[in-house]
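What follows is one structure encoded as structure tokens, with my remarks underneath.
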Amino acid sequence: MAKQPAATELETFPNPAPNRDYEIVIEAPEFTCVCPKTGHPDFATLTLTYTPDKLCLELKAWKLYIQSWRNVGIFHEAVTNTIADDLITALKPRKLALTGAFHAHGGITTSVTVEYQGKKAAR
Amino acid sequence: MAKQPAATELETFPNPAPNRDYEIVIEAPEFTCVCPKTGHPDFATLTLTYTPDKLCLELKAWKLYIQSWRNVGIFHEAVTNTIADDLITALKPRKLALTGAFHAHGGITTSVTVEYQGKKAAR
Amino acid sequence: MAKQPAATELETFPNPAPNRDYEIVIEAPEFTCVCPKTGHPDFATLTLTYTPDKLCLELKAWKLYIQSWRNVGIFHEAVTNTIADDLITALKPRKLALTGAFHAHGGITTSVTVEYQGKKAAR
Amino acid sequence: MAKQPAATELETFPNPAPNRDYEIVIEAPEFTCVCPKTGHPDFATLTLTYTPDKLCLELKAWKLYIQSWRNVGIFHEAVTNTIADDLITALKPRKLALTGAFHAHGGITTSVTVEYQGKKAAR
Amino acid sequence: MAKQPAATELETFPNPAPNRDYEIVIEAPEFTCVCPKTGHPDFATLTLTYTPDKLCLELKAWKLYIQSWRNVGIFHEAVTNTIADDLITALKPRKLALTGAFHAHGGITTSVTVEYQGKKAAR
Amino acid sequence: MAKQPAATELETFPNPAPNRDYEIVIEAPEFTCVCPKTGHPDFATLTLTYTPDKLCLELKAWKLYIQSWRNVGIFHEAVTNTIADDLITALKPRKLALTGAFHAHGGITTSVTVEYQGKKAAR
Amino acid sequence: MAKQPAATELETFPNPAPNRDYEIVIEAPEFTCVCPKTGHPDFATLTLTYTPDKLCLELKAWKLYIQSWRNVGIFHEAVTNTIADDLITALKPRKLALTGAFHAHGGITTSVTVEYQGKKAAR
Amino acid sequence: MAKQPAATELETFPNPAPNRDYEIVIEAPEFTCVCPKTGHPDFATLTLTYTPDKLCLELKAWKLYIQSWRNVGIFHEAVTNTIADDLITALKPRKLALTGAFHAHGGITTSVTVEYQGKKAAR
Amino acid sequence: MAKQPAATELETFPNPAPNRDYEIVIEAPEFTCVCPKTGHPDFATLTLTYTPDKLCLELKAWKLYIQSWRNVGIFHEAVTNTIADDLITALKPRKLALTGAFHAHGGITTSVTVEYQGKKAAR
Amino acid sequence: MAKQPAATELETFPNPAPNRDYEIVIEAPEFTCVCPKTGHPDFATLTLTYTPDKLCLELKAWKLYIQSWRNVGIFHEAVTNTIADDLITALKPRKLALTGAFHAHGGITTSVTVEYQGKKAAR
């Protein structure tokens, strides 16, 4: 089992339109980690929706951060909350939501959605 | 006809992020029980949506609990309400909804949706 | 042309969870009646959504009631309102909606939706 | 129960391009008859595919012919074969296929396909 | 180029359930008119949603009214507003919305939606 | 675990058009049996395609025969071949194919297709 | 009613790869003409598939040719055969097929497919 | 790399129904620009939704304006905000939203949505 | 990078119907390996279709074998051919096909299909 | 307007399984070039299907080759044939097909398919 990636692996760039509230949606269908109980891989689509404040998420580093979870053992609920925390730390967004939609196993499908409302808004 | 499963067959684990309200959706398309009037099997997809408080639903036990209904004779409205009651007893969630979407019979499709609003919320 | 069915043809059974507001959706894609102007058959999907109070709709009688319209001559707007009235009479529901979604004729598709809000609710 | 319609109710018009083999597909999704055993209505989509010889099928009469089956009691296999026979009698086509795709009942869907190869072809 | 049809070409019949607010949706996918600039035909689906007051829209006359636009030269925004005006004049509805969803041209698709809120409502 | 049903539970009726080769397709999406290794239920859609000779399959008995497998422990490959054998025994068809399309488990979906060519054909 | 367009309205350009048999598919979903019996408009998607010999179809002229049918009264079978004939005259293709897939009317959908095999092929 | 187009390249025409708030949706699936970091092309569908005040967007100039971005190097967030600014400058709309839905790259899909609420409204 | 799994990791069980040619299709949508050039993960759906001779593929071992590729660096064409070779070695099937349908990268999707025809067949 | 790319821009790597005939399908939905007549951009999905002989197509170079067409003025039929020729020159495949499926313009969609059969095959 590998170590969890750190929030510091996420990179940002300055928001080109900080005077306006607007929404960015980023869908990453190739997330995979490992079930800590069975050792079997889990697969999910991560959907991130956020309103940037001063910073936007850099996509190349986001992709590498996602790949860093590949051999980490962690449950669905924990990994979705941890990634949301890392994104909030790195982006300090006005608003953010993250959904981890995991593939079916044992005939059962699970998705986990975390929502965050920041303190500051443009309007 | 078999006996109904008990709420105690459901298992839980501690919520890894109890300080935050977040939503978990679990879809189980392989529910089957028996019509108490005709003896014919009924098939449904159960969709559970909940906001955990201190406890999360353990999926393996949920799967076995669902399988325990296989040979129980019970109507659509009753079984959906009973399973919702068992989940509320086991999880004591902040919020919960359960839909039983039954396959068509005699050309007619039925779904039953129960919603529950707990007393306590993080925000 | 046949006579319209009566609301008394609808049958009910006691609501197994009268202490809770919950929703039942029943879809019947095989409704047919006759256009009183042209004599041509009309086809529709009836979708009933209701929150039961003391009574639930019995599905076998609902199916037979629907079949009783087969040779009745009646317009789209009238038949949807009449069936909604019969259901309100028979079920005395907390809340009800009925949609008749008719197949296209002359390249034009029509649907009619009636909503009813009863006086009494559990919460 | 009503009487079966006769092949003579079908009407034709002269093929505008008899020197060429070409294919006409006519789909009628509003066929309904009655199950002779249960008295319940059956619904189907009829799909006719044919290569005309001297005659083409007139659509208005085809529609009325289909409507004439509305209250006839007959099984899936028998009605599809009978309608195919009526079409072969009326059209004397170079080639013909008829499928009756019946709606699900008791959770089971049936379709019946009859193919006919006439003796004469343009090429 | 042909002359625009008049609102008087629309016909109505008495609402069979004037004591209740209910919704009628009528979809007509075969609208066509002509671009006044290029002379090329435009195609659209018209979707009308309304709550009748004393009058309902007669479908046969609606179909003929739609056909009357076939050779009229008019822009997307103007024709959708004009047809909405004609419907409001003819029906005096409690509420009405009309969408003209035009096919793509030059790789670009346009739809126009007009909403109208009448003064009078049943509840 | 229950006992396997016998081919004799299948019922037939005389083919109404034995002089013609034609095809009947019957789809049953509510097949379930039990994995003999894990005890977990398996779910499948059975699709039967056949050309009748002297006999057609009676649908009500087919439905009950399918239900008889509900608590039988048997693998995918074995149950599909056994049901195909029972159908060949009961129907003596001119031609037959049976597919068992099983739901995904462990992220993996399996389907099994058996084809049979009888000795006798109409043409 | 307007006059039928002539084959001479179709334009061509030299095939850029005449030494090779290859296939061009052109789909035009905005064909409309008029029913000669009822005066109501008919709508269709024309799908042309051909293997060019010395000439390819020029698309702008094809579009205008299609528009020329807008107010012509003609039946489905006749118009599909006539357009195919015009295309064969103009293109002298190695191989050609034309399908006119007409919208449903009176609940019934029709499509007409003409195939042509030229005398000359590259291989 | 090419120069960015100017807002003055957008053209308008007088709103034919300025007394009414209504909505226009324009979808352009063929937007392409260039990633300033990698030099690889980016592709997106632009969806504009607006309520016109005195001016409507002329579609031909909109198409040419979109094409002017073809060889401009700019990031997703910046280009969507810039185009929204140009549209607000040119149209002075009552309300406007613009979404740039970019194709997946590196397995990750991004969309950016800007919303604008003008000061003036008809009602 | 991990070592490639061996064909000996695949397990089999005796074909329950060796006297008949029949087809088994197994779809595994959760295959992942690593690009040897970029180090980025690749994702694919593997679809195996085979006619068993004496042996059938055991699904649990197949799942584990697939998981063994998780950290192996190998190209699309090579991995699909290697897995096909391992399956042919383990199963000695009468007939086999394997498709690896890889997710899009750089906007480009690839799939690789290998077919094998064994020497021996039942009929 | 830019210059056409050369076949030499395509790169290859040795086929890892030259003893076997197998099929590779590569779909590139982001092809764009320019109409030489109107100057407007054209967009297409290129689908390449081939059986490699000694060489496989390198995907990164294929992507750059496709991008080189971005500002070239060329018709649909010509560009599809030219790219097919370049691929045949570079790959010397056992078998190849290339389809260019262009987006609709003026309401009309075109696709061009070129097929090539090489002289040499493994079986």
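We just call them A, B, C, D, E, F, G, H, I and J in the order they show up, numbering each chain from 1.
Going forward, a contact is a pair of C-beta atoms (placed from the backbone, for glycine too) under 8 Å apart; a residue touches a chain by one contact, two chains touch by 3 or more.
The model shown is predicted, which means the values in this text are computed figures rather than measured ones.
By number of C-beta pairs in contact, E-G leads when E-G and B-D are compared.
Note on I-J: its contact pairs, compared by residue number with those of E-G, A-H or B-D, agree for more than half at A-H. Averaged C-alpha coordinates put the centre of chain E at 52 Å from the centre of chain F. Note on chain placement: the centre of chain B and the centre of chain C lie 28 Å apart, centres being C-alpha means.
Remark: chain C and chain H have CA centroids separated by 46 Å (rounded to whole angstrom). Residue positions 29-30, 40, 43, 103-107 of chain J each touch two or more of the other chains. Those chain pairs judged to touch are A-B, A-F, A-H, A-I, B-C, B-D, B-F, C-D, C-E, C-G, D-F, D-G, E-G, E-H, E-J, F-I, G-J, H-I, H-J, I-J.
Residue ranges of chain J in contact with chain G, taken from their complex: 75, 77-78, 80-81, 104-115. Interface residues of chain J, counted against chain E in their complex, comprise 40, 43, 103-107. Against chain I, in their complex, chain J makes its touches with residues 15-17, 20-30, 52, 56, 59-60, 62-63. On the chain F side of its complex with chain B, the touching residues are 29-30, 32, 40-41, 43, 67, 70-71, 103.
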